[in-house]
Amino acid sequence: MGDMKEISTDELGRIFKQAPFIEYLGLEPVSLGLGECETRLRVAEHHLQQDGYVHAGVMATMADHTAGAAAATMVRPGELVLSAEFKINMLRPALRGELQCRSVVLKPGARFCVVESEVRSVNSEHSTMVAKALVTIAVVPPPEHP
Amino acid sequence: MGDMKEISTDELGRIFKQAPFIEYLGLEPVSLGLGECETRLRVAEHHLQQDGYVHAGVMATMADHTAGAAAATMVRPGELVLSAEFKINMLRPALRGELQCRSVVLKPGARFCVVESEVRSVNSEHSTMVAKALVTIAVVPPPEHP
Amino acid sequence: MGDMKEISTDELGRIFKQAPFIEYLGLEPVSLGLGECETRLRVAEHHLQQDGYVHAGVMATMADHTAGAAAATMVRPGELVLSAEFKINMLRPALRGELQCRSVVLKPGARFCVVESEVRSVNSEHSTMVAKALVTIAVVPPPEHP
Amino acid sequence: MGDMKEISTDELGRIFKQAPFIEYLGLEPVSLGLGECETRLRVAEHHLQQDGYVHAGVMATMADHTAGAAAATMVRPGELVLSAEFKINMLRPALRGELQCRSVVLKPGARFCVVESEVRSVNSEHSTMVAKALVTIAVVPPPEHP
């Protein structure tokens, strides 16, 4: 089971900032708990597809990265997490406003964690589920020292 | 079957430029044929994960968008394509250099197309398969006019 | 939206019996509601893998078929449902006893429904989630008559 | 890399017979090579869906089990393989006749293998791809002895 002191919310913020693609995308951490993570993204023009909706790749990145952070709360100190695979269903078009993602670990493990991610499109009036993903996160042992 | 005059390579280039997220990401079209599309992306600092490898979300966006372009060559004039879902396996870490994606339609259809995408990491010495995806693209009929 | 009179529990039982593979497998309907279906399977020797655990194919069939039944409650009279694709994660080994599956429609649609299936292994003492699936069910219009 | 003496074709046949569900289904091994496996299944009444086509669960079991056998050729003596997850797209309805499955390891690994499976429906006149799957097989270390 994870040592929660290893990943505080501050550290989570740092980790998110340390992943250049995540900063480039504008994905921000919201909260972190044992086996759970929430993130958000304010939708901008550069997140869109030619049809004016948010690109599937944006939601996929969000579902994958948030799942990795949720899994990272359940590994041992020194272990790393790495996305092995994921599957995502786009349920409804996501419009301007804010995207929110919540990832929950379904099954922690010494070798890999299975995580579920839900992406919602939220504005002042509505909150709609726009994508659902199942993510397999590999747990990588720390490098051995001689 | 698609009317190929509908999507020339020029038009493909335009379509890619018209998708703001694709331009923001730096994904470029390379070639287009009936049921096939190739794209590439020069890996930059802002595509990376905190560990220095390309973020899974970059490969996922590439696999998804290239699949959509391949499917778009096989629909009727006026029909649109939309990602319904995809699954991607990350096979090996992708390093700096160039990513190349090739998508091939496995099954065209009036309602959805199934497409396979392969992402390779290419530099002056090596070409390595780094991700493989199966993508379901919905075919959306043109809006009806009164 | 579906006309619920079209698929009563009795009819569901009949449909399950009319699918020879489902009867061969021993999958039984438990309950049916709008956008929901539950099934069960008493694990027998012939459902096992060489290691004594339930074969992944048994859980996959259960997740897929129950999802199809849940989707069938949300289509119009005359329309048929057909599995387009699914993804399943095996979370824990399933032992002897009973398997239960619950499928819930995440997104109904005129062209396809997205359904989530959860498989649990249940005995007198425990109920454990053993698999989770995301299923895309195509909605097929009724054949046209001249 | 696997020690091929560990899994001869004879042993493969035995392994297939030792998995009760595989024998119940009627799945037979055809050939085995390093990172590859082929199987077949003669379609019978009890493999069908209510619409007369082969049930998706039959193709899924075939794609999963054949992938596991292909992965088993690439692990070290004593290691076991276990399905972690898979995704399958049904491309066309499968009719009576014979189903053939070919699985190829895309990426071997010390912790998991990624395998691709293709299912074809074959009769005296045609051979048609009916399903395609991406399968993640976990590699389980042998139990430690004191």
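Chains here go by letter, A, B, C and D, matching the order in which they are written, and residues are numbered from 1 within each.
The working rule: a residue touches a chain if its C-beta (ideal position, glycine included) is under 8 Å from a C-beta of that chain, and two chains touch if they have at least 3 such contacts.
Keep in mind that what you see is a predicted model, and the values were worked out from it rather than measured.
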| item | value |
| --- | --- |
| Pair of chains joined by more contacts [C-beta pairs], A-C or A-D | A-C |
| Label of the chain whose CA centroid is most distant from the centroid of subunit A | D |
| Interchain centroid distance [CA atoms averaged], subunit A/subunit D, Å | 32 |
| Inter-chain centre distance, subunit A versus subunit C - centres from mean C-alpha coordinates, in Å | 29 |
| Residues of subunit B engaged with two or more neighbouring chains | 84-85, 87, 89, 114, 134, 136 |
| Chain contact topology (line, ring, star, complete or other) | complete |
| Residues of subunit A touching subunit B in the complex | 15, 18-25, 45-51, 54-58, 60-62, 64-65, 80, 82-90 |
| Residues of subunit A touching subunit C in the complex | 87, 89, 91-92, 106-107, 114, 116, 129, 132-134, 136 |
| Complex interface listing, subunit D residues touching subunit A | 84-85, 87, 111-112, 114, 134, 136, 138 |
